[in-house]
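Each chain carries a letter (A, B, C and D) given by its place in the written order, and its residues are counted from 1.
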Amino acid sequence: MDALIIIFITGLIGLFVGMLKKSELTLAVISIGLIGGFISMLFINDYESIFSSYAGLTFSRTQQMFGLLAIALTLLAVWMGYVFYKEETEHTSDYYGLILFSLTGALCLIGFSNMFMFFLGLEILSIPIYVLVGIQKGNSLASEASVKYFFTGSFATAIMLFGIALIYGSTGSFDINEIRMAIDMGMSHSPMLNIGVLMMMAAFLFKVGAVPFHFWGPDVYQGASNAVMAYMASVVKLAALYAFVHLFNYTFSGLTPFVSGLVLFAIIVSLFLGYLSALKQTSFRRMMAYSSIANTGFALFAVLNPQFGEVSLWIFMIGYACSTIALITINMIVENETDEIVNWKGIGYANPLIGITLVISLLSMSGIPPFTGFFGKYLLLSSAFSNYLPFVILAIIASLIGAYLYIRLMVLSLAREGEGKKFKITALQAIVLILSLGGTVGGWLVLMIK
Amino acid sequence: MELIILPLILGIIAFFLPTNWVRPFGLLASLSVLAVSFVHLMNFDPENYVLISNPAEIFPLGLTFKMGYDGLALTMVLLTNAVISIILLANWNRDISSNGRFTGLTLLMQCALLGLFTSLDGILFYTFWELTLIPIFLILYWFGKQDNNRALFKFFLYTLLGSLMMLLSFIGLAYFSPSFSYFQLVQANFDGKAVEAALIMGGILFAFAVKIPLFPFHTWQAPTYTNAPMAGTMLLSALMLKMALYGMIKWMIPIGFEGLVYLKWPVITLGGIGIVYGAIIAMKQKDLKTLFAYASISHLGLIAAGIMLFTVSAIEASMVQIINHSIVAIALFLCAGIIEQRLQTRNIEDLGGIAKVAPHFGFWFAVMTFISVSVPFTAGFIGEFVLIKELFTAHWVIGLTAATTLVFGAVYMLRAYQGSMFGPSKVTVFADLTWNEYAVFGILTVAAVGFGLYPQVIIDFIKPSIKFTQELMAGDLTFTK
Amino acid sequence: MGKDLLLLTLISLPLMGAAINGMLGKKMPKLIVGSLATILVFVSFLIGLTLFSGLDKTTIVHLFQVAKFDDFTLDANFQLDSLSIWMTLIITGIGSLIHLFSMGYMSHDEGYHKFFTYLNLFIFSMLLLVLGSNYFVLFFGWEGVGICSYLLIGFHYNDAEKGIANSLAARKAFIMNRIGDAGLLFALFMMLNKFHTLEFVEIGKMISASPELYTGIAGCITLCLFLAATGKSAQIPLFTWLPDAMAGPTPVSALIHAATMVTAGIYLTVRSNFLFELAPTTKDIILVIGIATTVVAAFIAMRQNDIKKVLAYSTVSQLGLMFVALGMGAYTVALFHVTTHAFFKALLFLGSGSVIHAMSDEQDIRKMGGLSKLTPITHITFLIGTLAIAGFPFLSGFFSKDEILAHAWMSSPIVYGILMVAVTMTAIYMFRLYFLVFHGSFRGGEKLKSHVHESGLSMTIPLMVLAVLSVFGGILNLPGIVFHNAGHWMSHFLESTTYGLNQIETEHMDGNQSIILMCIASTVALSVMAWAYITYVKKQAVAKEDADMNAWEKLSSNKLYIDEIYQTIFVQPILWLSTTLASQFEQRILNNGIFRLTSAIEASGNYTKKWQSGFLSSYLFWMVMGIIGFISYYIIKSTFWN
Amino acid sequence: MEQLNNIGASLDFYIFVSIALFSIGAIGVLTRKNMIVLLMCIELMLNAVNLLLVTFSTFFGNGDAQIFVFFIIVVAAAEATIGLSILIMAYRNSKSIDIEMFNKLNG
């Protein structure tokens, strides 16, 4: 609760500080706020809050972990974006404010325990993003992206609401525990409920960007700026995925055998479509978008795994988000007005820090141990192994294609003879790179501590 | 533990050294690691396991960070360290060895290999298995031919596909064993589930078959070798292929033993085909490296087939043969490398009469040729002798098939040697060997002849660990330190 | 000095010589190099003599254990018995003579020290071969001599015009021997599986304990052993390498390809007689192949014009003769012929060497003639050799050959008849050779004639020694009819090692029958000699040019086209297979197959990305399609899932 | 139940009406190319949801659904504003509000 409030307040303060046109100051305020939010989230259950606790918003241990991850990733995204934000000094605070508001939504989405908070969280998460995507006013691509995102998004919202309404109609409650009870008491076959659940699932698939609701992904990621994309690919995906997994593993767990078929379909198609289309991209952000579709496919295995789904997702998301942020940071460094992949030629060989980071990030994404990406995939697949073996094998094959994609990028950027020109990396970017590298390499060790 | 840490640290240091320090540093570093492993050897008793990392509890995912070695593993460890030092020595007079990245990557490679050989935990094994891929990949990419991307991808993806299959097997294995500790994996009981065992074994086998490479999975090898720098080829053929063979002996068969009945003969057949196929193709190859690549397909087919028999003698012999093949691989690729360095070509048809201008090189190349056709007095003879004997005992047809390597081996090796060394001298100027090349050839010859006259050293070393593994599999041993 | 120590020194001396010459030879003056090698071999010959004189019973010398596998062990042991010591004497004795000879012969060669290194190495491995007490050590020697012969045949590999040919000949020899070795290996495997040991003595004991157990396996083992023997001893089908091996320097031909190495096959057979005795079929096969080889080789020899080629084919033919003896179970007889053959064939080769030396490396007998005056010693010794091999009465060859013929007569008159034909042909080509070389007029041109000279002492002394040996060698094993008590001394000497061999003693047939056989043999020899004298000296006939040869002569001079046949049957198909596999299967199917697959996968990206049309309306449309799909899924599912 | 019956219409009737509304909205979204109309259609869908929720809340006789409706209305308003502003920006960049005009990002 406090974490949300701290972050929200920080967002507001940020907006006011923005009037001073001092982006450093804004950054400092925002960072402090986020760190404060992080700390309060860390001890959220260990002290008596000044605010009366609200039943609609609880933070269990897992939810707390996801919350921490979301805040940490936001911090990284904020820092990596600074170079870009501070260019238009009068707007810096707007970016930050919006991102923080959206983070608040993400936290709601992580901590929700009834449909009110869920719906609100979703909207608070999405609406600022609509704006952020299109915030480069002059840029026609950006506006197109935001148009597409807005319309598809609000369409999905409508579907989601219809689903919620149907579920309410069949169970008579918005509280997820009650809904669960109702389902366990034999509602599970009522058509209204099932269709409602399916509609919610459709909306979720849209939010996480899985086939066949993935279309917004590539366009929006390409149109948006690196900074915004980093935030979307990490935090938004994380929150949406968590809500998805939480709802379907906890609330609708009685319906898992019913939805599993569709989920598996979505998984496999997303995997192959994502990786195959990514192979043929020339724009880096677009390629990352497709690869994120594929990774979503992996993450969705968590939906089918009531015991360990959330933990596996957590580990997987650390790996995925950290390497994504690292890669986008690098892209931001090497980008010259276009974000063509050819810009990457030889950068890894010329700049050691970039080289190491991108090699390890890409290897982690292709699922090579001992990096976090591997353990995430390992957990997800091993839990699905016994029940859905053929699909696991398909996923493995797909991940081979993915490996090809990433290794190709790696080879390109490590080229010796290429015009590997040196780039100047700001301290903040270096910090982001190193932190995300740490996450990629050591994130899985958290498992060992637990 | 220092065995694995040391090369890691040294490797990282090597990246940041000034150019003119790198060369001696690399050699000294590898030698120091070798020395450390010798210290391990000094106070090692083949009769028991040495656990260098042995945490008590079992971590999530069934991870137990167990590491240690028995005779088998220690043999491979020593082999690795020795080979790495020899490779660095062999590259002394090439400017690649003064490149910090090359030396660093080689040492990292060494670290990964040592980890692989000493790991006693499934996931750890898999991890190191994958880690070895990265340095070699970078070495091949940075120091190989510049237009080698296609071969590179072929190599990487092929091996990656293999290791993913192995990953599947390990995931499946988790259902049969409480943890990934080697000892529990080996004791995983498949009683009545032979098919599952065979499937799991098959997955692991796929990874190994690609690395070895067994007959239909070998297509990555020749292009990779030809594009690779000399050091890369040496690393690949002298060490990375051995990982697979070691894995077969130490991991694959003991784990999936119940399933061996299904896989034994298919693999032996593939091995047999490989023996003949590699040899026959090698006969008409023009590029020396390609020729040697196919030759090694032929040799390794024999070893793999022998291992699948899983009789004690066969495994002892295959260990002898593994060591011998490392020697041969380094020797032959060094010869090819020397020729390429001096003449910028490896095509037999452009060569000829080198022995006249460079008599010493001619002599040593001849010695290496004879070592590689495994005449008596060399380790290869003992290895092939016993392996073919075991195969012949198992079934006479495979015995005959394997024996063709005696004749065919002579055919292609002598063709390669005479084609490049004898005949009308197309080559007029050829700088004779440098001191480090003399040293390498000398060391290799001594090793080959030494092991050829007294292979008992190796056998005494590994026999207990084989016996131990067998007892472990039989389950009469409740050994879970 | 104990026996075993003596034995080890005997073996290690040549190795020592090889080591010293190999390392320091380049620095040392030629004289020292050569004499060192020679003396070391000679010393081991002396040691051999002492051992020979003090020989009482079989002694095994254990050196060390090479490897102990779980069901068998491989030991480095040496065995000292009459057979091994006999072979040792031949090897070291002839060997030292030939060393001496080559000191003169190779004196102008730049690879002098290399040559002697190889020779000593050869002696060493040959000693391993004959002194080893088990098949494992024997195999070491077996392969070792193969390598040395490879090195020595291709000794002049960088010769200007013959370089390629030499190295190809060497390769051919090595590979064909390899085929034989494979046979030997399989014999070893079978023995290991059957007897779990490779020691001659132990296997012999097991078999003599209960022969009936092993009759089956003995057949397979002996066949494999015989394959090995055909490889080393140049029998059909693996004999074509020996004539080519003449590319090596002449002393090499004399030592390796006449006197010692090629008789390894006979040694092997005699050594494993206990097995062969159990396998009558194998013995018959040996008999047949022996006969075939001796006839074919003799036939080919008749129209060869290269002096060394003639001798080479005659060697093959003589070896065939020995195998005939083995096939009839007359082991000691075979060994007797091995011995005498070693004498006179070495003599002949060295003589030809001296001729070639004199003719300054001209080998074509059509260019020679009338050398009898120019090189008297060579002439006389060569004549003796010729007479010996042709079976001139009371020379060594006469006795040894006669023994074999006698056994042939005993077994079946047909065999005897065929052998007589072969013997006749032998006489024919040998006298042809002799007369063409040493009589008539010199055909080499004046310039060459001026150079011709008798060789130096180091070459003539061996010739003379060998001449003496070839004359009196027959005394070793006189047939019983002459001195009953001294008869068959050698056979009796060797019996101790040849267990259960069924001796067909000539005593068994009455005196006059054997005398008749001898008379036939000698008449044949004499008549052929007379005929040859008339044709080549009186009529001054010379070797025809290829043009005006008749059918059989063409056949003979073209070696029955056997090389070509092998080329088309074995070599070409394999090479074709190699290229085809490489280009078609490897490249087209495996490589391109995988490449096609990958590129297809990559290309499919083009289609998947088309779905992303970029039109908002299509996105929305697909979303609705998705939902409709979901709902239809629900409808289907709800009908089946409950 | 009573109240519903009083109006002489069953629960199904309301559900069908709202489904109809929703579908009309969806079809509008699919067919129309004008952004403003699209926006209106989405609003229509949201209202269909509102109707449904209200129906259910009357049916169950508890009020959370009606509260939820207020949430929805608020959010819808927010969305509309954002949507319109985005629309204006898009119009500024490419002088049109026909969604077919926006296909620079594809493939």
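Here, a contact is a pair of C-beta atoms (placed from the backbone, for glycine too) under 8 Å apart; a residue touches a chain by one contact, two chains touch by 3 or more.
All values reported here derive from a predicted model rather than from experimental measurement.
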{"item": "Shortest path length from chain A to chain D (each step joins two touching chains)", "value": "1"}
{"item": "Innermost chain by mean C-alpha position", "value": "B"}
{"item": "Which of A-C and B-C has more C-beta pairs touching across its chains", "value": "B-C"}
{"item": "Approximate Å spacing (C-alpha centroids) for the pair chain B, chain D", "value": "67"}
{"item": "Centre-to-centre distance between chain C and chain A (centres being mean Cα positions), rounded to whole Å", "value": "79"}
{"item": "Interchain centroid distance [CA atoms averaged], chain B/chain C, Å", "value": "37"}
{"item": "Centre-to-centre distance between chain B and chain A (centres being mean Cα positions), rounded to whole Å", "value": "43"}
{"item": "Residues of chain B touching at least two other chains", "value": "157"}
{"item": "Multi-partner residues of chain C (at least 2 other chains)", "value": "598, 609, 612, 614, 616, 620"}
{"item": "Interface hub residues of chain A, defined as touching at least two other chains", "value": "147-148, 151, 155, 159, 218-219, 280-281, 404"}
{"item": "Contacting chain pairs - touch in the sense defined above", "value": "A-B, A-C, A-D, B-C, C-D"}
{"item": "Chain D residues within the chain A interface of the complex", "value": "15, 22, 25-26, 29, 35, 38, 42, 45-46, 48-49, 52-53, 55-56, 59-60, 62, 64-65, 67-68, 71-72, 75, 78-79, 82-83, 85-87, 89-90, 92-94, 99, 102, 104-107"}
{"item": "Touching residues (chain side chain A, partner chain B) in the complex", "value": "349, 359, 363, 366, 368-370, 375, 378-379, 381-382, 385-386, 392-393, 396, 399-400, 403-404, 407-408, 411, 414, 416-417, 447-448, 450"}
{"item": "Chain C residues within the chain B interface of the complex", "value": "64-72, 74, 139-140, 143-144, 146-147, 154, 157-158, 160, 163-164, 167-168, 171, 174-175, 178-179, 181-182, 185-186, 188-189, 192-193, 574-575, 577-579, 581-582, 586, 590-591, 594-595, 598"}
{"item": "Chain A partner contacts - residues on chain C that touch it in the complex", "value": "598, 601-602, 604-606, 608-609, 611-612, 614, 616, 618-620, 622-623, 625-627, 629-631, 633-634, 637-638, 641-642"}
{"item": "In the complex with chain D, residue positions of chain C that touch it", "value": "609-610, 612-617, 620-621, 624"}
